[in-house]
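Pasting the structures here.
In what follows, chain A forms one complex with chain B and a second complex with chain C.
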Partner chain A sequence: MGYVASREQFGKLFSYWKKEYDIWAPKRFPGGGRFSDTDAVRYAVVQEPDEIEFEVKSAYSWKETVLPPSETLFYFAQNHVEEAMPPLRKRLVFLRSCDLEAVRRMDQIYMKNGDPDYYYARKRDNLAFVMIGCPASCENGFCVSMGTNAADQYDMSIDAADGEFRLDSRRDDWSAVLAAAGAAELDVKPCRVSENKVQVRVPENLTFEVGKSSMWDQYDSRCINCGRCNFVCPTCTCFSMQDMYYDAGGKVGERRRVQASCMVDGYTDVAGGASYRKKNGERMRFKTLHKVLDFKERFGYQMCVGCGRCDDICPEYISFSNIINHLEEGMKEVQDHDSSK
Partner chain B sequence: MDINTKELKKNAFRVTKVRGVTSSRVRVPGGLLKAEYLGKIQKIAERYGNGTVNLTSRQGFEIPGIPFEKMPEVNRELQTIIDGTGINQTGRARGEGYPAAGTRNVSACVGNRVCPYACYDTTALAQKIDKVIFPDDLHVKIVLTGCPNDCQKVRMGDIGIMGMTEPRLDPERCVSCGACIRACRSKSVDALEKVHFRPERDSYKCIGCGECVNACPNLAWTRSPEKYFRITLLGRTGKKNPRMGVDFIKWADEDSVIRIIRNTYEYVRHYINPDSPGGKEHIGYIVDRTGTEEYLRWALKDVHLPDIAEVYTPLNWGGIEYAHNKYFGNQRYHADGTIVTDFSEKTR
Partner chain C sequence: MTAANNYIPFPTKIEKVIRHTKTEYTFRMHFDHAEERVRPGQFFEISMPKYGEAPISVSGISADTIDFTIRKVGVVTNEVFERYEGQELLIRGPYGNGFVFDDYDGSELIVVAGGTGVSPVRGVIDHYAHHPEKVESLSAVVGFKSPDDILFRDDLAYWKDRIDLRMTLDSAKGQPGYREGFVTAVVPELTPKDLANTKAIVVGPPPMMRFTVAGLLKLGLPEENIWLSQERKMCCGLGKCGHCKIGNVYVCLDGPVFPYLKSKTMVD
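Up next is the complex of A and B:
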């Protein structure tokens, strides 16, 4: 059911939500950016509708609401193990179309790729989604190319404009709260982006052979393997484990899982001291082909949702969409090389 | 030709080696001005000067080759630049140029309007300080730099102001990538250590450069909302005893910085040698005379430092002595290996 709600009417619904949910949304942190006197926009629990950042895309993605950078799984003391408490309250997540599509990718890995991940599942089951409409394309996003500009699996959509909220509610109890608050009914469809400045084309003939292309070499020196592209990515699912001991004897402590990055040193370290993918170009190849090739081969659809956050944040101005668009050339290079043999 | 050179200098003109010819010194606090004033400077240089402009070592402009008789016209032309650079013209009528030149331009690196390392807006603070100290004839050099890289070389000035941030760690956002630790070790003071997978900061070592914040891929490190400053004191160049400024206060706040600058002017006014050449004496030499303790008594008057501040003591300047005591100084050799001897009776 569609509604147009004033700030006050929407506030009623917000208060209703707060009884049941922690509300996670993009939030502006003044002065919280990397550089002096810059703001950060990232996910946090908000207490008021005004705290929600509707204009600017969050630099870090929705995934922090369910896969925090660091999460304690359980505590141990000799033979005793105590599971860390799950969140006590449900979570309502404000997110954009690209991120809502990313939820499906995250679920694919954590819920439908073998047994469901226990720690993910116990949070995932308690999530609800409010989709923020996009009246215009963001700078680096390429959601239209990736087909992620029209996500639909929301509990409610919201467009904030001119001090009003246009809402498409799919929850009867939420609709009832809005109606009771006096919000006018209206046929509402969330704002969608139909064109991005950035467009990509994943070549039909893409295979892992492209790994032999020279296209990756430039990243040996250009990339600084900081991992920002992974940490902001709404579909990167990797983590590593940390056993942290409180005592010198190593009998008491906690086990955490911590977001990991295939770009950062240590990711491919194995027992015995070996390490694969030492060069940054090799890491870039691995990341790229995971995002636009092997995930699709396994699950039938692309992993990358085209949110463009990796481009937004790269301190070395490496553009992932540019890499995708060079895959065709890369394929041609390896095919020409093979046929000339 | 009858020209009052004292008056001319106070009006920000210079006595040059060419008789009858001066140059005009344009003050640019913080080294930032609207590009339109460059056109104005060009006009003055081409109409009244010799068509060239000198970029001065303290971020002003010097327009050379101006005949003395053109000074009134130049002053009239300078008015829009004086207005546009926010100069306090108190003591001189509009259209009559700068009211002083003794207190040097407050210079500053490009700061956080541009540079990712800078910890504050150096331009804004330079302009604010200029409002506090100008016009004045005392020979004081104040230098601002955005971070401990010290591109502006604050330790060569009387009062150096170096930007700092107090890094704050949100441990829950740390992904143990080690980027901050590597950055601090390779580019700064190695103040971070990995303890239980996460960085631990040695606040004694930390110089507040913010390298950890810039390096962190996940915003686990962020900058303190408070802007902090390291104040360095009494660096100087010159013919007697050039030396680097030494650390005075670490983690000072802006109010303290400005109060200390005001106090320093009062101290200098009180103790300056009345016979000093041209009424100019580097503060450092005055402090050498009164003793550091007396200077500090003045400098810290009514200064309320933040709790985090650390005041260095004692303050020791070394520096280069051109005319050092032959019994305690180093020896010198001629190219042929013979020792340079000093036959004069007079030593310092």
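Up next is the complex of A and C:
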């Protein structure tokens, strides 16, 4: 059911949510950006509608709401193990179409690749999604190319414009709150991006053979394997285990999982000293082909949602969309080389 | 939906510690109905609170025990060596596919393994050494670095009398029963009678597996008759943490045992 609501009317729904949910949304932190005099926009629990940043895409993605950078799995006390408690309250997440599509990818790995992940599953059941419409494309996004500009699996959509909110509610109780607050019914469709400045094309003939192309060599020196591209990615799922002990006696502590990056040293290290993909170019190839080739081979659709955050965050100004667009050339190089043998 | 908590390890009692070398021990752990629940080639995550977890393959299975043959090479395994008989270890598993006997029953089976690579295949060799009627023949080629690195001495002695066992040491002259060199030097000397019915399992360090497979193919084995077991970093064993992914394959879920036809397409 569609509504147009004033700030006050929307505030009533917001208060209704707060009884049941922690509300996670992009929030602006003045002066918190990576360069002087710039702001940071990242996820936080918000208490008022005015705290929500509706204009600018968050630097980090929605995934922090279910997969924090560090998550305690259980506690040790000598040989006794006790499971960490789940969050006490449900979570309502404001996110954009690209991130809502990313939820499906995260579910794919955490719920359907092997048995469901216990810690993800118990939080996933208590998530609600409010999709922020995109009236215009962000700078580096390429959602249209990836087909992620039209996510539809939301509980409510929201577009903020001219001091009012246009809402498409799919929850009867939320609709009832809006109606009781006096919000007018209106046929509402969320704003969608129909064209990005950045466009990509994943070649139809892409295979792992592209790994033999020279296109990856430049990243041996350009990439500094900081892993930021992975940490901001709404679809990167990897983690490592980490044990932490509280006292020098070593009797009491906890096991955590922390976000991991396939670009960072140590990702493939096995005991005894062996490791794989030592060069940064090889790691770039591994990451790229996961996002636009092998996830699709395994699950039937592309992993990358084209949010452009990896391009936004890279300190070396490496563009992932540019890499995707060079794959065709890379394949041609490999095939030409093979046929000239 | 409530899934089981697949990250919490459970305590198991150390029934026996077998010291093979200074840095390689077998820990025999109590595990109810192990024979019905565990296959050779599968692995467990062993927990050392404060130090973390390590994936360790099962090197032996009996009615109510499983063996872990552990090499002291990392922070977790160093700590495991501080444990004694009667104490407990926290473990979770089993994970992975393991070796399926149906794949090898009735064949002329060749097993080539090097160093700690013998652990995952020990259960396979032992199974057919005890049930020779289930295969046409069994040739095992087992290699170690030096006399100090020899694992499973009692098993080797038992197998020696029952199967075609050939043993190598990378660098040691004059060790009775062993010849100097790599396992790859022995492979060309194998003489399978019916190549179409000859099957091979290869486990060891990546270069050893590469050269051994090349040798087997040169003998004329069909590619589809060869299996390998891969070792990768694994933090979860559950298809989630991502560390063991190679291309579209998760070694923990789809492996660690792979047909060579699949393995040869996997690029790290």
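Methods note: the second predicted complex is superposed on the first by the 336 of 341 C-alpha atoms of A that agree within 3 Å, B and C clash if a C-alpha of one lies under 4 Å from a C-alpha of the other, contacts with A are read in each partner's own complex, and residues count from 1 in each chain.
Methods note: a contact is a pair of C-beta atoms (placed from the backbone, for glycine too) under 8 Å apart; a residue touches a chain by one contact, two chains touch by 3 or more.
As the structure is a computational prediction, the values presented were derived from the model and not from experiment.
*Asks:* Report for A:Gly250: first if it touches chain B alone, second if chain C alone, otherwise both or neither.
*Replies:* second
*Asks:* Between chain B and chain C, whom does A:Arg42 touch in the aligned arrangement: first, second, both, or neither?
*Replies:* In the superposed model, A:Arg42 contacts chain B only, not chain C.
*Asks:* May I ask you to decide whether A:Asp117 touches chain B, chain C, both, or neither, giving the answer as first, second, both or neither?
*Replies:* A:Asp117 sits against chain C, while chain B stays out of touch.
*Asks:* In this superposition, which partner touches a larger number of chain A residues, chain B or chain C?
*Replies:* The partner with more contacted residues on chain A is C.
*Asks:* Look at A:Ala260 in the shared chain and tell me whether it touches chain B only, chain C only, both, or neither; answer first, second, both or neither.
*Replies:* both
*Asks:* Check the residue A:Gly272 against both partner chains and state whether it touches chain B (first), chain C (second), both, or neither.
*Replies:* second
*Asks:* Now for A:Val81: first (chain B), second (chain C), both, or neither, which partner does it touch?
*Replies:* It touches chain C, and chain B stays clear.
*Asks:* So in the superposed three-chain picture, is A:Gln242 touching just chain B, just chain C, both, or none of them (first/second/both/neither)?
*Replies:* After superposition on chain A, A:Gln242 lies in contact with both partners, chain B and chain C.
*Asks:* Common interface residues of chain A with chain B and chain C?
*Replies:* 240, 242, 245, 260
*Asks:* In their complex, what parts of chain C are in touch with chain A?
*Replies:* Checking each residue of chain C against chain A gives 1-9, 11, 47, 49-54, 71, 73-74, 76-77, 88, 90, 205-206, 231-233, 235-236, 238-243, 245, 247-248, 250, 252-253, 265, 267-268.
*Asks:* Of all residues in chain B, which touch chain A in the complex?
*Replies:* So the residues of chain B in touch with chain A come to 112, 116, 118-121, 146, 163, 165, 171-179, 196-197, 210, 213-220, 222-223, 225, 227.
*Asks:* Per the contact definition, I'd like the list of chain A residues that touch chain C in the complex.
*Replies:* Those residues of chain A that touch chain C are 73-74, 76, 79, 81, 83, 109-110, 113-122, 125, 208, 211, 237-243, 245, 250, 253, 255, 257, 260, 262, 267-274, 276-277, 282, 286, 289-290, 294-295, 297-298.
*Asks:* Show me the residue ranges of chain A that touch chain B in the complex, using the header's touch definition.
*Replies:* Interface residues on the chain A side: 29, 31-37, 40, 42, 59-60, 68-70, 226-228, 231, 240, 242, 244-245, 256, 258-261, 264-265.
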